[in-house]
Amino acid sequence: MGQAGCKGLSQSLLDYKTEKYVIAKNKKVGLLYRLLQVSILTYLVVWVFLVKKGYQDTDTSLQSSIITKVKGVTFTNTSELGERLWDVADYVIPPQGENVFFVVTNLIVTPNQQQKTCAESESIPDALCYRDSDCPPGEPVVAGNGVRTGRCLRVGNMQRGTCEIFAWCPVETKSRPTKPLLGKAEDFTIYIKNFIRFPKFNFSKTNVLDTKDKAFLKSCHFGPENPYCPIFRLGSVVSWTGSNFQEIALQGGVIGIQIEWDCDLDKAPSECNPRYSFSRLDNKFSENSISSGYNFRFAKYYRDGAGVEFRTLMKAYGIRFDVMVNGKGAFFCDLVLIYLIKKSHFYRDKKYEEVSVLQDGTPDAEEAAAGPGLAEQPEAQHGGGSQKENGPARIT
Amino acid sequence: MGQAGCKGLSQSLLDYKTEKYVIAKNKKVGLLYRLLQVSILTYLVVWVFLVKKGYQDTDTSLQSSIITKVKGVTFTNTSELGERLWDVADYVIPPQGENVFFVVTNLIVTPNQQQKTCAESESIPDALCYRDSDCPPGEPVVAGNGVRTGRCLRVGNMQRGTCEIFAWCPVETKSRPTKPLLGKAEDFTIYIKNFIRFPKFNFSKTNVLDTKDKAFLKSCHFGPENPYCPIFRLGSVVSWTGSNFQEIALQGGVIGIQIEWDCDLDKAPSECNPRYSFSRLDNKFSENSISSGYNFRFAKYYRDGAGVEFRTLMKAYGIRFDVMVNGKGAFFCDLVLIYLIKKSHFYRDKKYEEVSVLQDGTPDAEEAAAGPGLAEQPEAQHGGGSQKENGPARIT
Amino acid sequence: MGQAGCKGLSQSLLDYKTEKYVIAKNKKVGLLYRLLQVSILTYLVVWVFLVKKGYQDTDTSLQSSIITKVKGVTFTNTSELGERLWDVADYVIPPQGENVFFVVTNLIVTPNQQQKTCAESESIPDALCYRDSDCPPGEPVVAGNGVRTGRCLRVGNMQRGTCEIFAWCPVETKSRPTKPLLGKAEDFTIYIKNFIRFPKFNFSKTNVLDTKDKAFLKSCHFGPENPYCPIFRLGSVVSWTGSNFQEIALQGGVIGIQIEWDCDLDKAPSECNPRYSFSRLDNKFSENSISSGYNFRFAKYYRDGAGVEFRTLMKAYGIRFDVMVNGKGAFFCDLVLIYLIKKSHFYRDKKYEEVSVLQDGTPDAEEAAAGPGLAEQPEAQHGGGSQKENGPARIT
């Protein structure tokens, strides 16, 4: 092929190659064909553009900060603690108002523990003993409270006793109260302040009414008529998750509070509103399972006059709240649109140039190959009509 | 159609069906056509491949750990607390150096609270009373500090008083200092140690210089000449967010510190550097709004010689810092590339085979349908030239 | 063109335009062509559908809650603290059982600090002095413990001393013990209770066996035979990350515990199992680097009989555990499938209608343009056979 092939190649480099079309001049088929085209176009315009807002730019990198504050006091009168008032500094752990916080609703208090020796609790299987040799000195009791001293302590004439241990004595022996100590926590309120920012669009908003009326937050409660007063009653939050407050207060649990910001920033900022949802995040369905509930132990440390340290151990049952925020903001992206418009002008100009060249130079080119019933597309309509009509479909 | 149709079908099973092309032998149109092809190719190679690095594999599942440490002491002398020095253990809450921590900058201290009865604060609307019957015993004061005892306490000859309550007494009555108690916290420093790992590529790095010179971290400060000394002055961090330190110290606020690792792991590890950004995460724009600021209450518990518990209640205003890390690592994925190269050879071989078959068997097949001006594409060029050229465009 | 063009346009509106195909009646090429089609189909069916389960709907918005509990006691006997037993309330910070917690393994204790004046530590470079004028009163020592009083304190006949400061005195002077105080923390256990929920499918599960046998969690340990007993020995967790427990206990570190739930919800719930992985999240590779380890200071506050506040400062070294959960659930989405099946029926009906019209009206249309070797596709097979075969390829 040598030279000739080379020449042919260099010529064909400037050829315009396009797909060849067959036109069926049949009204039924044509109608169906146009209907399909129209329905695809309608789908694009209505669904992608108008409903799904495909023209918007979306920012999912939400910046968010949560500040929480619990309010409420309750009074208890037990043989152990006497008359006692509980306020926020007493029952919220940790106190610093983060997005995760715990409200104590039930307590086992073991006061005045000191470092000394005493009998291990009878509920610890590993501490049971019949003679001193069952209590190897220096060895910690598995899942127990201290280190064995080597003695087996038996009460009265009992055969079985428990090992003596060195520990914070006396050890915790009481079992969980059958009625939650702070059952009235139902009426406490949680204030959840959430500030969000969409960095891409520099849009920010809070879920609290922007007012200078200092009485607003002191009196309002969340509700349909007050969506910008994020103050929730504890009992209501628990009931919205489908749980019973007294049950969760007794053995503890975890509740998730979700705030969702799904904002169309083309609309007024007042249309960008938070949506709250509440769910129980521990397995309430197996109430009697060993893994149900939520509790932990902590201690308050003191020193007596002689400088000896003692502590009050508390096993706290209660509700942990996890406040989670997610959201996205969508915005009509001017830049992209302007860019697209500019491009479309460019392409349209180019298209018209193409067409005119085709019209001038070789008007009847394709007709030569036209069959009897299925006529190939006349050039003028091919260049003008169909390309225009196909235009939008091709762009997609 | 029966047998004939069946035979036709079995024959057509081995037919090769391809689109029919029309070649316009017009230099203007051809040039435009090639220009468009070249620009699409250029876009692919330059933008997708070289700029966007489409050939890299990306790991967005960053593993990250943050350790923070605040340093600095400040001295205050107030009528309430006397001379007092504040160090890290006093003003950082919680102390354990996590990614979220709070620095106390202002305080309302209510010392020596005990569980007893006293008058409720006058600033609580619900506690106002004119006679004892306004104070139903046992009922907690809404948004107040305790439970009513049933008495209305009036000072002197005043008609109006407040209910007596059982509470931690005396209740907090002071208002926020007008000047931040720990205003000198401006000079404290935050050390933020961040360790990251891209598990997919087993690449890890920290934002701290890997040196054994123990003096380095004791003297350095973050800056353009010291990007691997992540020690930040509190005052500088606040000013970088566009806020005023004394204002935020007075009423509290939240500041976000973002560390971004956007790493091209094809380059040297020294090119994978952290980028810091700082932003205010509470609504500073509505300074006088009821929802501005950040504060919380906590207490330190003591026992006196007789074992009676008392506490010091603190309402702390301050700055909460949220350190957030995000990043992604991109890496030239050998495996994928090798796979692609192998595939492309496979496909090229197949293509050439196809072509040669077309050349041998039916060289002039398409020319029969060629029109006068618009010649259909000669077979040799159709099979060889254009397929090669169209190749990349079809892949897209 | 005027009227004629207008008429032509309105006619062409109902034309059916389709691409023209060329059929190569060559068995080699045809075989290759079908092989390629079959391999694409096979890829789709085997890889996308069966292996990647492209027909499933995926939920990545996992809701998760973590509750952790550390168990174990250990006994120490030091000159400073005397005999002392450490239990959970002593060594876990914070106590509330969140997904991030710190276990103290080593300690520098500075007891009985009071607010008064004393000499600054000699290890602080900024506190060194030769004469009183080196100690400007009121100025805080950089990276030090207090505020200078103006005096330079020299011991004996030494020329060099340290500035006197007002601080919590005495200041911390001891250095890190060379053997971890709580080295036996190796035998402590961590219980990690994880509850997850895929909100889209309303599927929830925990990583703890759902049993009522209260002894189960008291005796079991995590292992291949006990995957639903999430109780881990501290020493094992550390060794699984490739670290040495005594080394990490000495200077501290961060360990990440990842729980992954990758669930195919088409299978039985018992097939949806958690996978644990453990990694060291601080830079263990530069053990002698200044930035290695993890420690923080905190204090316990007391008051003596006279009401004077004093504190015990602790510099705690230890292991921080970050428990992270991620997962996704995939589910055979009936709705989508039913929708697709309905659609495919709709489209098939439409296709057959098209075909029949083509068959009735213009059976031989394309044959007119058929060349000798490369026959254009006969209408019947074009409408029926190939569209069916091409069908799946077009859908993709």
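For clarity, chains are labelled A, B and C in written order, and residue numbers in each chain start from 1.
Here is the rule we go by: contacts are C-beta pairs under 8 Å (C-beta built on N, C-alpha and C of every residue); 3 or more make two chains touch, one makes a residue touch a chain.
The structure displayed is predicted, hence computed values, not measured ones.
Undergrad: Expressed in ° and rounded to a multiple of 5, what is the rotation angle of the C-alpha superposition of subunit A on subunit C?
TA: Rotation angle, to the nearest 5: 120 degrees.
Undergrad: Specify, for the interface formed by the sequence copies subunit B and subunit C, whether it is same or different in terms of residue numbers shared by both sides, with half as the dividing line.
TA: At the contact between subunit B and subunit C, which are copies of one sequence, the residues are largely different (under half shared).
Undergrad: Using the average of all C-alpha atoms in each chain as its centre, how far is it in Å between subunit B and subunit C?
TA: Centre-to-centre distance between subunit B and subunit C: 14 Å.
Undergrad: Can you list the residues of subunit C that touch 2 or more other chains?
TA: 19-20, 94, 302, 305, 369
Undergrad: Within the complex, which stretch of subunit B touches subunit C?
TA: For this pair, the touching residues of subunit B are 1, 5, 8-9, 11-20, 63-65, 67, 69, 71-75, 83-85, 87-90, 94-98, 187, 193, 195, 197, 199, 204, 206, 208-219, 300, 302, 304-305, 350, 353-354, 357-358, 361-362, 365-366, 368-369.
Undergrad: Considering only the defined contacts, which subunit A positions touch subunit C in the complex?
TA: 19-34, 36, 93-94, 100, 102, 115, 125, 138, 140-141, 143-147, 166-168, 254, 256, 279, 281-283, 285-286, 288-291, 294, 296-299, 301-303, 305, 311, 313, 320, 322, 369, 371-374, 376-378, 380-381, 385-386
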